[in-house]
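Each remark here refers to the structure printed beneath this line.
Note that the chains take the letters A, B and C in the order they are written out, and that residue 1 is the start of every chain.
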Amino acid sequence: MPIARIDLVEGKSAEYRRTIADVVYDQMSKHLGVPEDRFQVITEHKIENFLYDPDYLGIYRSENCVFIQLSFIAGATTEQKAAFFKAVVDELHEKLYLRREDVFFHLFGVGTADWSMGNGVGTYNNGVPTNRLDPNSVPASPDGSK
Amino acid sequence: MPIARIDLVEGKSAEYRRTIADVVYDQMSKHLGVPEDRFQVITEHKIENFLYDPDYLGIYRSENCVFIQLSFIAGATTEQKAAFFKAVVDELHEKLYLRREDVFFHLFGVGTADWSMGNGVGTYNNGVPTNRLDPNSVPASPDGSK
Amino acid sequence: MPIARIDLVEGKSAEYRRTIADVVYDQMSKHLGVPEDRFQVITEHKIENFLYDPDYLGIYRSENCVFIQLSFIAGATTEQKAAFFKAVVDELHEKLYLRREDVFFHLFGVGTADWSMGNGVGTYNNGVPTNRLDPNSVPASPDGSK
(Lines give C-alpha, C1' and ligand atoms only; values in the text may rest on other atoms or scores of the structure.)
Protein backbone atom coordinates (compact mmCIF):
# COMPACT_ATOMS: atom_id res chain seq x y z
CA MET A 1 0.00 0.00 0.00
CA PRO A 2 2.74 2.52 0.24
CA ILE A 3 2.75 5.00 -2.57
CA ALA A 4 5.85 7.05 -3.28
CA ARG A 5 6.12 10.35 -5.08
CA ILE A 6 9.66 11.03 -6.20
CA ASP A 7 10.50 14.51 -7.47
CA LEU A 8 13.77 15.56 -9.06
CA VAL A 9 15.22 17.87 -11.69
CA GLU A 10 14.95 16.71 -15.29
CA GLY A 11 18.05 15.46 -17.06
CA LYS A 12 18.75 12.16 -15.36
CA SER A 13 18.61 8.93 -17.32
CA ALA A 14 15.72 6.51 -17.06
CA GLU A 15 18.11 4.06 -15.42
CA TYR A 16 19.14 6.60 -12.80
CA ARG A 17 15.53 7.40 -11.99
CA ARG A 18 14.63 3.75 -11.88
CA THR A 19 17.44 3.06 -9.45
CA ILE A 20 16.09 5.67 -7.07
CA ALA A 21 12.67 4.05 -7.22
CA ASP A 22 14.16 0.58 -6.77
CA VAL A 23 16.08 1.64 -3.68
CA VAL A 24 13.06 3.33 -2.12
CA TYR A 25 11.03 0.19 -2.71
CA ASP A 26 13.65 -2.23 -1.40
CA GLN A 27 14.40 -0.27 1.75
CA MET A 28 10.80 0.52 2.57
CA SER A 29 10.09 -3.20 2.49
CA LYS A 30 13.02 -3.90 4.78
CA HIS A 31 12.54 -1.16 7.32
CA LEU A 32 9.01 0.17 7.55
CA GLY A 33 7.03 -2.97 8.26
CA VAL A 34 4.80 -2.35 5.25
CA PRO A 35 3.52 -4.76 2.61
CA GLU A 36 5.90 -5.34 -0.29
CA ASP A 37 3.85 -3.67 -2.93
CA ARG A 38 5.10 -1.08 -5.34
CA PHE A 39 3.26 2.02 -6.42
CA GLN A 40 5.53 4.90 -7.35
CA VAL A 41 5.31 8.06 -9.39
CA ILE A 42 8.42 9.90 -10.55
CA THR A 43 8.11 13.51 -11.67
CA GLU A 44 10.90 15.35 -13.48
CA HIS A 45 10.88 19.11 -13.10
CA LYS A 46 12.47 22.04 -14.83
CA ILE A 47 15.11 23.44 -12.47
CA GLU A 48 13.11 26.65 -12.15
CA ASN A 49 10.16 24.65 -10.79
CA PHE A 50 12.13 22.63 -8.27
CA LEU A 51 13.26 24.67 -5.30
CA TYR A 52 15.51 23.08 -2.69
CA ASP A 53 17.00 24.90 0.25
CA PRO A 54 20.73 25.29 -0.48
CA ASP A 55 21.93 25.28 3.12
CA TYR A 56 19.15 24.54 5.63
CA LEU A 57 20.71 23.24 8.87
CA GLY A 58 24.16 23.63 7.36
CA ILE A 59 23.51 20.90 4.81
CA TYR A 60 24.63 21.99 1.35
CA ARG A 61 22.32 20.74 -1.36
CA SER A 62 22.85 20.58 -5.11
CA GLU A 63 20.74 20.34 -8.26
CA ASN A 64 20.84 16.59 -7.79
CA CYS A 65 18.50 16.95 -4.82
CA VAL A 66 15.70 14.38 -4.72
CA PHE A 67 12.44 14.74 -2.80
CA ILE A 68 10.97 11.42 -1.67
CA GLN A 69 7.40 11.35 -0.37
CA LEU A 70 6.01 8.10 0.97
CA SER A 71 2.46 7.50 2.18
CA PHE A 72 1.51 4.36 4.08
CA ILE A 73 -0.60 3.07 6.93
CA ALA A 74 0.51 4.81 10.10
CA GLY A 75 2.33 2.55 12.52
CA ALA A 76 6.04 2.63 11.77
CA THR A 77 8.08 3.77 14.75
CA THR A 78 10.47 6.68 14.83
CA GLU A 79 13.32 4.17 14.79
CA GLN A 80 11.95 2.38 11.73
CA LYS A 81 11.57 5.65 9.87
CA ALA A 82 15.09 6.74 10.78
CA ALA A 83 16.48 3.38 9.65
CA PHE A 84 14.62 3.75 6.34
CA PHE A 85 16.04 7.22 5.75
CA LYS A 86 19.58 6.06 6.43
CA ALA A 87 19.35 2.90 4.35
CA VAL A 88 17.97 4.70 1.31
CA VAL A 89 20.58 7.40 1.46
CA ASP A 90 23.42 4.94 1.94
CA GLU A 91 22.33 2.80 -1.00
CA LEU A 92 21.74 5.79 -3.29
CA HIS A 93 25.18 7.06 -2.41
CA GLU A 94 26.70 3.71 -3.18
CA LYS A 95 24.82 3.03 -6.42
CA LEU A 96 24.44 6.51 -7.92
CA TYR A 97 27.11 8.50 -6.08
CA LEU A 98 24.21 10.66 -4.95
CA ARG A 99 25.38 12.95 -2.17
CA ARG A 100 23.79 12.09 1.16
CA GLU A 101 22.96 15.76 1.61
CA ASP A 102 20.77 15.67 -1.47
CA VAL A 103 18.02 13.33 -0.29
CA PHE A 104 14.95 14.88 1.34
CA PHE A 105 12.15 12.70 2.73
CA HIS A 106 8.69 13.34 3.97
CA LEU A 107 6.28 10.66 5.10
CA PHE A 108 2.52 10.53 5.50
CA GLY A 109 0.76 8.08 7.74
CA VAL A 110 -2.88 7.38 6.95
CA GLY A 111 -5.60 4.98 8.06
CA THR A 112 -6.36 1.43 7.00
CA ALA A 113 -9.68 2.41 5.42
CA ASP A 114 -7.96 4.87 3.08
CA TRP A 115 -6.69 2.36 0.53
CA SER A 116 -8.00 0.39 -2.37
CA MET A 117 -5.41 -1.60 -4.27
CA GLY A 118 -7.79 -2.65 -7.03
CA ASN A 119 -11.24 -4.08 -7.72
CA GLY A 120 -12.96 -1.25 -5.88
CA VAL A 121 -12.49 -2.89 -2.50
CA GLY A 122 -11.28 -1.29 0.73
CA THR A 123 -8.25 -3.55 0.75
CA TYR A 124 -7.27 -3.31 4.40
CA ASN A 125 -10.68 -3.10 6.03
CA ASN A 126 -10.27 -6.61 7.44
CA GLY A 127 -6.56 -6.34 8.18
CA VAL A 128 -3.29 -6.15 6.29
CA PRO A 129 -2.32 -9.31 4.40
CA THR A 130 1.09 -10.69 5.29
CA ASN A 131 1.76 -12.39 1.94
CA ARG A 132 2.01 -10.05 -1.00
CA LEU A 133 0.21 -12.43 -3.34
CA ASP A 134 -2.46 -13.76 -0.98
CA PRO A 135 -5.24 -11.36 -0.02
CA ASN A 136 -6.48 -13.87 2.53
CA SER A 137 -3.23 -13.90 4.50
CA VAL A 138 -4.71 -11.59 7.09
CA PRO A 139 -3.75 -12.15 10.73
CA ALA A 140 -6.71 -13.26 12.81
CA SER A 141 -8.05 -10.56 15.07
CA PRO A 142 -7.92 -11.07 18.86
CA ASP A 143 -11.47 -12.44 18.97
CA GLY A 144 -10.62 -15.17 16.50
CA SER A 145 -12.37 -13.65 13.51
CA LYS A 146 -10.49 -12.43 10.49
CA MET B 1 -12.96 20.99 -0.42
CA PRO B 2 -11.83 17.70 -1.64
CA ILE B 3 -8.87 17.86 -3.95
CA ALA B 4 -8.02 14.92 -6.19
CA ARG B 5 -4.71 14.04 -7.76
CA ILE B 6 -5.14 11.61 -10.61
CA ASP B 7 -2.03 9.98 -12.05
CA LEU B 8 -1.88 7.80 -15.15
CA VAL B 9 0.33 6.91 -18.08
CA GLU B 10 0.37 9.35 -20.98
CA GLY B 11 -1.42 8.45 -24.19
CA LYS B 12 -5.07 8.62 -23.23
CA SER B 13 -7.36 11.16 -24.87
CA ALA B 14 -8.49 14.32 -23.13
CA GLU B 15 -12.00 12.90 -23.12
CA TYR B 16 -10.84 9.70 -21.42
CA ARG B 17 -8.99 11.66 -18.75
CA ARG B 18 -11.93 13.96 -18.26
CA THR B 19 -14.26 11.02 -17.78
CA ILE B 20 -12.07 9.68 -14.97
CA ALA B 21 -12.19 13.08 -13.28
CA ASP B 22 -15.96 13.35 -13.79
CA VAL B 23 -16.55 9.96 -12.23
CA VAL B 24 -14.35 10.70 -9.23
CA TYR B 25 -16.21 13.95 -8.70
CA ASP B 26 -19.69 12.48 -9.08
CA GLN B 27 -19.10 9.52 -6.82
CA MET B 28 -17.26 11.45 -4.14
CA SER B 29 -20.27 13.75 -3.92
CA LYS B 30 -22.62 10.79 -3.61
CA HIS B 31 -20.68 8.69 -1.16
CA LEU B 32 -18.24 10.59 0.99
CA GLY B 33 -20.48 13.20 2.60
CA VAL B 34 -18.28 16.01 1.32
CA PRO B 35 -19.22 19.33 -0.26
CA GLU B 36 -19.83 19.19 -4.01
CA ASP B 37 -16.87 21.22 -5.06
CA ARG B 38 -14.40 20.23 -7.70
CA PHE B 39 -10.67 20.69 -7.53
CA GLN B 40 -8.70 18.09 -9.47
CA VAL B 41 -5.27 17.77 -10.98
CA ILE B 42 -4.49 15.14 -13.61
CA THR B 43 -0.87 14.23 -14.29
CA GLU B 44 0.20 12.14 -17.28
CA HIS B 45 3.43 10.24 -16.87
CA LYS B 46 5.89 8.51 -19.10
CA ILE B 47 5.52 4.79 -18.54
CA GLU B 48 9.03 4.63 -17.11
CA ASN B 49 8.01 7.12 -14.40
CA PHE B 50 4.79 5.39 -13.41
CA LEU B 51 5.36 2.19 -11.50
CA TYR B 52 2.41 -0.01 -10.57
CA ASP B 53 2.68 -3.37 -8.90
CA PRO B 54 1.84 -5.99 -11.52
CA ASP B 55 0.39 -8.58 -9.15
CA TYR B 56 0.10 -7.35 -5.56
CA LEU B 57 -2.52 -9.45 -3.73
CA GLY B 58 -3.04 -11.50 -6.87
CA ILE B 59 -4.55 -8.55 -8.70
CA TYR B 60 -3.06 -8.26 -12.18
CA ARG B 61 -2.59 -4.65 -13.24
CA SER B 62 -1.90 -3.21 -16.67
CA GLU B 63 -0.48 -0.02 -18.16
CA ASN B 64 -3.97 1.43 -17.91
CA CYS B 65 -3.59 1.60 -14.15
CA VAL B 66 -4.83 4.84 -12.59
CA PHE B 67 -3.81 6.21 -9.20
CA ILE B 68 -6.51 8.30 -7.54
CA GLN B 69 -5.57 10.39 -4.50
CA LEU B 70 -8.31 12.30 -2.69
CA SER B 71 -7.84 14.66 0.25
CA PHE B 72 -10.78 15.93 2.28
CA ILE B 73 -11.90 16.74 5.80
CA ALA B 74 -11.63 13.60 7.89
CA GLY B 75 -14.96 12.14 8.86
CA ALA B 76 -16.08 9.68 6.20
CA THR B 77 -16.65 6.21 7.62
CA THR B 78 -14.99 3.02 6.45
CA GLU B 79 -18.28 2.08 4.80
CA GLN B 80 -18.51 5.39 2.94
CA LYS B 81 -14.96 5.03 1.67
CA ALA B 82 -15.57 1.47 0.53
CA ALA B 83 -18.77 2.52 -1.25
CA PHE B 84 -16.84 5.30 -2.99
CA PHE B 85 -14.13 2.91 -4.17
CA LYS B 86 -16.68 0.49 -5.57
CA ALA B 87 -18.84 3.10 -7.26
CA VAL B 88 -15.89 4.77 -9.01
CA VAL B 89 -14.51 1.47 -10.25
CA ASP B 90 -17.89 0.26 -11.46
CA GLU B 91 -18.59 3.46 -13.36
CA LEU B 92 -15.10 3.60 -14.89
CA HIS B 93 -15.51 0.02 -16.00
CA GLU B 94 -18.85 0.82 -17.57
CA LYS B 95 -17.87 4.07 -19.27
CA LEU B 96 -14.24 3.46 -20.23
CA TYR B 97 -13.95 -0.33 -20.11
CA LEU B 98 -11.26 0.29 -17.52
CA ARG B 99 -10.44 -2.96 -15.78
CA ARG B 100 -11.50 -2.95 -12.14
CA GLU B 101 -8.04 -4.24 -11.22
CA ASP B 102 -6.46 -1.10 -12.61
CA VAL B 103 -7.82 1.48 -10.18
CA PHE B 104 -5.74 2.29 -7.10
CA PHE B 105 -7.00 4.73 -4.46
CA HIS B 106 -5.46 6.44 -1.51
CA LEU B 107 -7.24 8.95 0.68
CA PHE B 108 -6.05 11.64 3.07
CA GLY B 109 -8.18 13.02 5.85
CA VAL B 110 -7.21 16.45 7.16
CA GLY B 111 -8.62 19.07 9.51
CA THR B 112 -11.20 21.79 8.96
CA ALA B 113 -8.66 24.57 9.47
CA ASP B 114 -6.50 23.26 6.64
CA TRP B 115 -8.50 24.67 3.74
CA SER B 116 -8.96 27.95 1.98
CA MET B 117 -11.20 27.82 -1.07
CA GLY B 118 -10.50 31.41 -2.10
CA ASN B 119 -10.27 34.99 -0.84
CA GLY B 120 -7.61 34.07 1.70
CA VAL B 121 -10.16 32.88 4.25
CA GLY B 122 -10.05 29.71 6.33
CA THR B 123 -13.21 28.48 4.63
CA TYR B 124 -14.36 25.89 7.16
CA ASN B 125 -13.33 27.57 10.40
CA ASN B 126 -16.97 28.20 11.28
CA GLY B 127 -18.33 24.97 9.86
CA VAL B 128 -18.88 23.33 6.51
CA PRO B 129 -21.55 24.97 4.31
CA THR B 130 -24.30 22.63 3.17
CA ASN B 131 -25.13 24.51 -0.03
CA ARG B 132 -22.35 24.63 -2.58
CA LEU B 133 -23.15 28.19 -3.62
CA ASP B 134 -23.96 29.69 -0.22
CA PRO B 135 -21.03 30.19 2.15
CA ASN B 136 -23.50 31.07 4.91
CA SER B 137 -25.28 27.71 4.80
CA VAL B 138 -23.36 26.52 7.82
CA PRO B 139 -25.21 24.35 10.35
CA ALA B 140 -25.61 26.08 13.69
CA SER B 141 -23.28 24.74 16.35
CA PRO B 142 -24.79 23.07 19.45
CA ASP B 143 -24.69 26.30 21.45
CA GLY B 144 -26.76 28.11 18.86
CA SER B 145 -23.93 30.12 17.33
CA LYS B 146 -22.74 29.59 13.79
CA MET C 1 10.61 21.20 6.81
CA PRO C 2 7.59 22.45 5.08
CA ILE C 3 7.26 21.27 1.54
CA ALA C 4 4.96 23.04 -0.86
CA ARG C 5 3.35 21.71 -4.00
CA ILE C 6 2.13 24.52 -6.22
CA ASP C 7 -0.10 23.63 -9.17
CA LEU C 8 -1.26 25.99 -11.89
CA VAL C 9 -2.08 26.15 -15.57
CA GLU C 10 0.86 26.36 -17.96
CA GLY C 11 1.60 29.64 -19.70
CA LYS C 12 2.87 31.84 -16.89
CA SER C 13 6.41 33.17 -16.96
CA ALA C 14 9.17 31.73 -14.82
CA GLU C 15 9.23 35.01 -12.92
CA TYR C 16 5.50 34.81 -12.21
CA ARG C 17 5.82 31.26 -10.93
CA ARG C 18 8.83 32.15 -8.86
CA THR C 19 6.98 35.02 -7.26
CA ILE C 20 4.21 32.68 -6.13
CA ALA C 21 6.80 30.39 -4.57
CA ASP C 22 8.60 33.32 -2.94
CA VAL C 23 5.39 34.59 -1.39
CA VAL C 24 4.41 31.18 -0.06
CA TYR C 25 7.85 30.82 1.49
CA ASP C 26 7.96 34.28 3.03
CA GLN C 27 4.48 34.12 4.54
CA MET C 28 4.79 30.59 5.82
CA SER C 29 7.92 31.66 7.69
CA LYS C 30 6.09 34.65 9.17
CA HIS C 31 2.81 33.02 10.11
CA LEU C 32 3.02 29.28 10.63
CA GLY C 33 5.73 28.99 13.26
CA VAL C 34 7.73 26.66 11.05
CA PRO C 35 11.46 26.56 10.32
CA GLU C 36 12.59 28.86 7.52
CA ASP C 37 13.54 26.21 5.06
CA ARG C 38 12.46 26.08 1.49
CA PHE C 39 11.41 22.99 -0.40
CA GLN C 40 8.90 23.65 -3.16
CA VAL C 41 7.73 21.96 -6.31
CA ILE C 42 5.81 23.82 -8.99
CA THR C 43 3.84 21.86 -11.57
CA GLU C 44 2.40 23.44 -14.70
CA HIS C 45 -0.62 21.70 -16.17
CA LYS C 46 -2.46 21.73 -19.43
CA ILE C 47 -5.79 23.46 -18.83
CA GLU C 48 -7.62 20.22 -19.56
CA ASN C 49 -5.76 18.56 -16.68
CA PHE C 50 -6.36 21.31 -14.13
CA LEU C 51 -9.94 21.43 -12.92
CA TYR C 52 -11.02 24.23 -10.58
CA ASP C 53 -14.56 24.77 -9.41
CA PRO C 54 -15.85 27.87 -11.21
CA ASP C 55 -18.24 29.03 -8.50
CA TYR C 56 -18.02 26.97 -5.30
CA LEU C 57 -19.39 29.03 -2.40
CA GLY C 58 -20.16 31.87 -4.77
CA ILE C 59 -16.47 32.49 -5.42
CA TYR C 60 -15.84 32.90 -9.14
CA ARG C 61 -12.53 31.38 -10.21
CA SER C 62 -10.58 31.83 -13.42
CA GLU C 63 -7.90 30.00 -15.37
CA ASN C 64 -5.37 31.83 -13.21
CA CYS C 65 -6.37 29.66 -10.27
CA VAL C 66 -3.45 28.37 -8.21
CA PHE C 67 -3.54 25.35 -5.89
CA ILE C 68 -1.11 25.61 -2.97
CA GLN C 69 -0.45 22.51 -0.89
CA LEU C 70 1.78 22.82 2.16
CA SER C 71 2.90 19.97 4.41
CA PHE C 72 4.58 20.64 7.75
CA ILE C 73 4.79 19.41 11.33
CA ALA C 74 1.32 19.65 12.87
CA GLY C 75 1.04 22.38 15.47
CA ALA C 76 -0.01 25.62 13.80
CA THR C 77 -3.26 26.98 15.20
CA THR C 78 -6.39 27.76 13.22
CA GLU C 79 -5.55 31.43 13.62
CA GLN C 80 -2.03 30.96 12.28
CA LYS C 81 -3.33 29.08 9.27
CA ALA C 82 -5.96 31.73 8.56
CA ALA C 83 -3.33 34.47 8.85
CA PHE C 84 -1.13 32.58 6.40
CA PHE C 85 -3.94 32.21 3.87
CA LYS C 86 -4.77 35.91 4.03
CA ALA C 87 -1.17 37.11 3.87
CA VAL C 88 -0.33 34.98 0.83
CA VAL C 89 -3.43 36.05 -1.03
CA ASP C 90 -2.90 39.71 -0.23
CA GLU C 91 0.71 39.65 -1.37
CA LEU C 92 -0.06 37.71 -4.54
CA HIS C 93 -2.78 40.20 -5.34
CA GLU C 94 -0.41 43.07 -4.82
CA LYS C 95 2.56 41.64 -6.69
CA LEU C 96 0.92 39.67 -9.50
CA TYR C 97 -2.59 41.16 -9.63
CA LEU C 98 -3.74 37.62 -8.93
CA ARG C 99 -7.41 37.67 -8.01
CA ARG C 100 -7.98 36.75 -4.37
CA GLU C 101 -10.67 34.32 -5.53
CA ASP C 102 -8.10 32.34 -7.47
CA VAL C 103 -5.96 31.01 -4.64
CA PHE C 104 -6.86 27.61 -3.17
CA PHE C 105 -4.94 26.18 -0.21
CA HIS C 106 -4.79 22.84 1.46
CA LEU C 107 -2.49 21.96 4.33
CA PHE C 108 -1.21 18.70 5.74
CA GLY C 109 0.08 18.34 9.27
CA VAL C 110 2.39 15.41 9.91
CA GLY C 111 4.61 14.13 12.71
CA THR C 112 8.14 15.06 13.73
CA ALA C 113 9.52 11.63 12.82
CA ASP C 114 8.30 11.98 9.24
CA TRP C 115 11.10 14.19 7.95
CA SER C 116 14.65 13.87 6.81
CA MET C 117 16.21 17.04 5.47
CA GLY C 118 19.39 15.33 4.31
CA ASN C 119 22.14 12.93 5.33
CA GLY C 120 19.65 10.15 5.99
CA VAL C 121 18.86 11.41 9.48
CA GLY C 122 15.45 11.81 11.09
CA THR C 123 15.99 15.54 11.35
CA TYR C 124 13.45 16.39 14.04
CA ASN C 125 13.69 13.31 16.22
CA ASN C 126 15.38 15.33 18.96
CA GLY C 127 13.39 18.50 18.44
CA VAL C 128 13.06 21.27 15.89
CA PRO C 129 16.10 23.53 15.56
CA THR C 130 15.36 27.22 16.04
CA ASN C 131 18.22 28.51 13.86
CA ARG C 132 17.97 27.58 10.20
CA LEU C 133 21.70 27.04 9.87
CA ASP C 134 22.42 25.33 13.18
CA PRO C 135 21.12 21.77 13.60
CA ASN C 136 22.08 21.90 17.28
CA SER C 137 19.81 24.84 18.07
CA VAL C 138 17.20 22.53 19.52
CA PRO C 139 15.29 23.76 22.58
CA ALA C 140 16.07 21.71 25.68
CA SER C 141 13.29 19.35 26.64
CA PRO C 142 11.57 19.84 30.03
CA ASP C 143 13.87 17.35 31.75
CA GLY C 144 16.96 19.28 30.71
CA SER C 145 18.05 16.92 27.94
CA LYS C 146 18.05 17.93 24.30
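Keep this in mind: a contact is a pair of C-beta atoms (placed from the backbone, for glycine too) under 8 Å apart; a residue touches a chain by one contact, two chains touch by 3 or more.
This is a predicted model, so every value here is computed, not measured.
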Tell me the angle, as a multiple of 5 degrees, of the rotation that maps subunit B onto subunit C over the C-alpha atoms.
120
Call it same or different for subunit A and subunit C: same when shared residue numbers make up over half of all numbers used at their interface.
different
So what's the Cα centroid distance for subunit A and subunit C, whole Å?
22
Can you list every residue of subunit A that touches 2 or more other chains, as numbers and ranges?
43, 108
Interfacial residue positions of subunit C with respect to subunit B in the complex:
7, 43, 45, 48-53, 55-59, 61, 67, 69, 77-78, 81-82, 85-90, 100-109
Complex contact set, residues of subunit A against subunit B
1, 3, 14, 17-18, 21, 35, 37-44, 71, 108, 110-111, 113-123, 125, 129, 132-135
